[in-house]
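Quick one: the structure is below, and I'll ask about it shortly.
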């Protein structure tokens, strides 16, 4: 049997996204954000989405486009101060926002990929963000139980892929992309360059091909 | 008469029949190969969408390495020297088992001491015996989507295919397929159903060396020998 | 009279006095620099055993980058372009916060909205305000071994050094050191003790812009200005 | 202040080990095992040790030396069939052996490094190895609660270090070494080569210097 081809156009790769799904999107402060895939998601038009991401870009930029296009129902993330439209929409009750400590967000997504249903963390215990979470003492300190955060789809950005989907990243554009690749059922990676299997150093692969279902090459490059 | 096969013949026959199942998969397929007979399966994989995982930290195992090919730092989970396949990658034990625990391993091929009619598997300890080690077996049986057991049909003339396991259990009702040198059973329905058996044994002979009762699939055919 | 300092002067004065504390450490020291004033601290570190961490995934930050030095994919947690120090490494958000949660970050320098006399810190939200984001603040205050708060002493003439925080708390009794443009307080004893204050302000003036009561260290000296 | 020098002889690096401590030792099937550090631990002579490792090498080889030298009180690991002296000593009651599923061992050590006191895993639930462990259902399946595994000391093996302690590994010699570097208070890395900071690709560092307190160069090389 011939090798399955994971390389697709952005539109093809996102054709399966439908209303109401949860979508993890990599990036931190506009680095490592898969903008071309976000554009394809805007074109796809799926609504009522739950977006799981560190931030929501800036007004009308990056993930901010999804909010302007009314595709967002709920946000799970850490920092929306960079996009005042999120703050406004939240205060008007137009969207739900679940703020999660940044390390908890990363670890809960990783837990989903690693088959861990729940773990304990110190962050947020006793604070407003920890309200409603089950607590438990270990060695004299109070922890909250955190559940794994799964998603239907992950949209990530990487520097290079090999043809089967192994990925490497560039500097601080790595951020949430590797755990998100693991936390979703279906991961689309936007990359600057595609090479043959064997051309990436097997000691330096950051995201294994196992976690990547579709590869989209950045078209402007 | 039940043929007496050499240890090598048993191992190779089992490995080839496990490989046949894996080669027939149609999507990308991540496969973990355990210690012993399972590691031989690597030599018979021809499907380009199959990637082989060893829990000591590699995905993309090629064939077992010859003495000339062997790299001192490159082994499978059974400590055998192996080759790299293109696109392989190395990882630590944490991610290696994250692949397993997280359900990303499609098939695991494991040796066993006993399998019973409920699909229970025992393969981690012989109390007061010479085996003391669970390795990755418990992670694999619960984490992998499909569990294929590859083991010799009998030990010292006694069936290892039992009504009820006598040894401590590794995983409950986790066995999906059982391949011995004489038969291939599926547990898809919750109890063993014969899928294929060896052309050098009769069905009655097979029953005589198999403690558990089994159904016979309407499409039952011949194993590769 | 309390001097009116420019925003830059406030920021740089605070950053230099935080750096002074960090430069005085004698073992290897991993330091996380938060958004805003804390990120300026990078420019004043001279101790070779200090390594700077940004939670978006780098350990080994050099100085803030000039326009010519800036790399499009290399920023700190405040989205500012930065330089690499030799021996730096990149990681993902998971390990970056493992360093924090696991107690491997020796010092975190954080901005804040309010600090109170019990060492509570509020810095993640202004209800119905323009700030909606916790970022890494809650992970940092509980994970880092030492929490240094770097913030302007007042906002619109009102003290941010309160008897009791009015905003939602980020972490309870986690503040170890508080550095403003006018004073350095230690919370080692559980309540604020003045360590140093600015030469351009009197102790009475300092008390007049500080809501919480504080002790004065016997070795209290002058801040760097 | 001058940069602190982490490069030491094996004897210097292990001088701090005392009776009764817990020691994590990397390696799987004799690859990635820091043999020179094990020899130094034999020379150090500390007794009543708890050794946390995948296996115990072979009789009299690798970690097997510690057993012969009567330095071991307790083993926490996954697979001792390769060393029949462990099986014998365990059956005679000379040492305690706690068998842990291999993935659980790796994850529990990683949890220690990541500040996670406990998490839930499927492996061993309902089996003899799961006896005495707290259980809990998530989404209809029964999990066991696993606690983080900490150690006083980790002895690991890597391929290259830079002078400040960043590490890269060689092929399947990586195995348990990276999580163990994180799970102990004091980590000693045995390496084949030492380079200057900046000579390792910052995208490819596997174990950050933060986790390495002493570097020992393999003397035979």
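Order of writing sets the labels: A, B, C and D. Residues in every chain begin at 1.
Everything that follows uses one rule, which is that contacts are C-beta pairs under 8 Å (C-beta built on N, C-alpha and C of every residue); 3 or more make two chains touch, one makes a residue touch a chain.
Since the model is a prediction, treat every value here as computed from it, not as a measurement.
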Looking at C-alpha means, what's the farthest chain from chain D? C
Pair joined by more contacting C-beta pairs (A-B or B-D): B-D
When centres are defined as mean Cα positions, the distance from chain A to chain B in whole Å is 36
Distance-wise, how many Å sit between the C-alpha centres of chain A and chain C, to the nearest whole number? 29
Where the CA atoms of chain A average out and where those of chain D average out, how many Å apart are those spots? 33
Chain C: which residues touch two or more other chains? 90-91, 98, 100-101, 143
Chain A touches at least 2 other chains through residues 107, 114-116, 121-122, 169-171, 203, 206
Make each chain a node and each touching pair an edge, then name the shape: line, ring, star, complete, other. other
All pairs of touching chains, please: list them by chain label. A-B, A-C, A-D, B-D, C-D
Residue numbers of chain A touching chain D in their complex, please. 107, 111, 114-122, 136, 138-139, 143, 168-171, 201, 203-204, 206
What does chain A use to touch chain C in their complex? 28-32, 54-55, 78-82, 84, 86-87, 90-91, 97, 99-107, 109-110, 121-129, 169-179, 206
Write out the stretch or stretches of chain C touching chain D in their complex. 26-28, 30, 47-49, 51, 59-60, 84, 86-91, 95, 98-104, 143
Quick check on the complex: what are the chain D residues that touch chain C? 1-4, 112-116, 162-164, 166, 182, 196-198, 200, 202-203, 205, 208-211
Within their complex, chain B touches chain D through residues 54-58, 71-79, 90-94, 96-98, 100-101, 124-125, 128, 130-139, 142-143, 168-172
